[in-house]
């Protein structure tokens, strides 16, 4: 591949920056363009930081994008794809991003890999690593068609330090709104960004009362970290807005402390790359 | 009286998946399979809708001969009809292929109001197939649904996203992908299991649904168990008098690792 | 006569797809609803035996785990005997103190025996209630003077016009509390004397101490305090002119001994299945412990005194499990498929092997696991003693003492004429 064009998209600016790191890694070796796509409603004021990390930033800001739907968003993104003809499309694998990547892959009839944690350049080709079998394994994969769509798990790459001076270009496109109506929105308390902290204290089912989370908060505060929950505490009891593990947040802090966490493989998959894992448990035989 | 098609996948039971300690390769040939956990909830949800509003629950799967078992399991839970598209090359199919085949089969079946899928499979976990089916069918799609009800010709679905719950209203026909939280699926009784095994399953080939062949878009080079070396230090704090000592040792160890 | 190489008929144990799916289903059910409760059930009922877990019995009934081999025309599941065996094994794995597994096994084996030998009307009356968890139906054979000597039973049933009148006493009977608290009631496959001394004077009855919520006159129960397996009651009862309609006679008068022996064969398979399920739980406790416990700076399984012993016990476990499923497959051939090549007598040795081996393996294993765990296992916090005490009940007796199993095996191989004084 010579002169590769990489298009990056995420609904979150901070995750776009993580994609910029990966895009830079590839363009540094192969030379090429790193382009960012920003689509949504009321977002055009927030894209300045992206121009410092990408060669070009395309912005599609429209009230018609107020209601999120992956197929609508993929169709809008398709306009930028047609315009820039990328070889690689990086999308951060959030719940929205993963679905947009998938829909785009169907629209373009090209391959897409989700749950990606690492991308390596081997003989000018990309070897893409993703979690496999519920996080138990790692799969090395290759996309055989172009463009290659890669959905990267948040937290897999750090923020970039490279400073660019990209151009921002606003695009107007026709948007076919989905025949879906939003009846109600109930915001979750947006907790601490778990995948950005060096220390994460995670509460598991062994924590019996919601009040006891305060002890964990105190510990996290001393260590300069944040508190998260395992899946049952978040999904079943609603103590935390999201959980650590598969289908929740993947973290790799310097220090992970699991309190009363039994260590289902889906949870382990989300913490495997932590530097130090400390588990506090009444049962020394638990999987964690 | 909605007709609901539920797309299911017979997956490797990852909880029982073992690997070779030396080669780090998974022992797939001996691995037990089961219907994906979220798909099972999609079946359960369809059955609950039928119990409330009437209609039919029709199961659809793409796979090899093993996949028939997913339909049997759905029958044991109470599903009405089952269709399996069987192909010997199934193991090589990618998500585009599977979604396209499902969409073709759904077109051929016709006469449906709602398609339910699990948002992700237990083994593959790519979350790609449901939205792709919607793209291929050109129907509205709602993802990560943890609550579902019908209102006349409309589906009211609660989508669970990172920032909050979005309650959508969409006219049927539509495609809905459900999460693990939507319900607790029933465990079938012996008599239901026995009845299920006597119920016919319609088997189609790719040709039967008008698919000439598939183009593969990506391939898996290798799947293995990544090695993580851990020190595995166990500190005993099982009694009050041991706690102080254990905590001190933990602090010392973390200092040594330059964590604190 | 030579010792048979494969006795009595070659049986390779394998499971049908339905049975595999059923195991998944029952395991999920048991792990979700029974496993989180078993310690609480055992603890509560240890203080008060009448703390019967009615909610869990109802759940087990709703899950279709009672009367599995009984015909669907009686509200049974129309399943195989192997399915009943699987259900009991998985329940015991979820509740290794085995109270709920034993409730389930009694209410599979004995309603099925009733269906095999009793009047159709009685099956129609009793089995649907048992199947729904509204009634209990177990076995009442043992008397205060002994259990193994069935031919020596003293309770009498005297036919007067259209009723049998019962006098005498039964002891160590499971379900005495359950019959009283379950809404419909129920009773036992009961053996009483209707004729001459010895086994030819015994008859079997569907003895309903309580039906339609009403306890019969002349029935006086007591409840015992067991040392384990809490949550299933054991008790005794006296009959003083207790009357039962003659239709509740099972089969022909004075042939009860033969019916109950076949019933015992069926129930023993499930008893052995319960001990194998409990043993699986114990083995898992051992492996988890071996993977964490260190002594003298080494994992304890690096001491061969421990790991080799574990391997021996595991071999016994596999043998016990094979005995159980070989016997249940034979029961399917005889009683479900009604294959003319098989005879009820073909079950004698396979069942005796399973019932002899399973309980002894489970008890031995429980004791070893407790030793491996050390002092912790002797505390009330550790759940292992609960499993051990529950499983031990089957080494003592229940559905036949261990030495009776040895006698059956020896008798059938050597010939009873060579074993008399």
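Should a chain be cited, it is by its letter among A, B and C, assigned in written order, with residues numbered from 1 in that chain.
Everything below uses one rule, namely that a contact is a pair of C-beta atoms (placed from the backbone, for glycine too) under 8 Å apart; a residue touches a chain by one contact, two chains touch by 3 or more.
All of these numbers come straight from a predicted model, not from anything done at the bench.
The central chain of the assembly on a C-alpha centroid basis is B.
Most remote chain with respect to chain B, judged by CA-atom centres, is C.
Taking each chain's centre as the mean of its C-alpha atoms, chain B lies 39 Å from chain C.
With centres defined as mean CA coordinates, chain B is found 21 Å away from chain A. We define each chain's centre as the mean of its Cα atoms; on that basis chain A and chain C are separated by 55 Å. Residue positions of chain A touching 2 or more other chains: 284.
Residues of chain C in contact with at least two other chains: 292.
For chain B, residues that reach two or more other chains under the stated contact definition are 234.
Residues 17-18, 21-22, 24-26, 28-29, 32, 63-65, 68, 72, 77-79, 83, 87, 292, 294 of chain C touch chain B in their complex.
Remark: chain B residues 34, 69, 72-73, 76, 184, 187-194, 196-197, 234 touch chain C in the complex.
Within the complex formed with chain A, the chain B residues making contact are 12, 14-15, 17, 19, 26, 94-96, 99, 120, 122-129, 131-132, 134-136, 140-144, 156, 160-171, 179-181, 216-226, 228, 230, 234, 236-238, 250, 254, 257, 259-260. Taken together, the chain A residues at the contact with chain B in this complex read 68-71, 74, 94-96, 98-99, 101-103, 105-107, 109-115, 127, 131-145, 178-188, 190, 199, 223, 235-236, 241-242, 246-247, 254-255, 265, 272, 275-278, 280, 282, 284.
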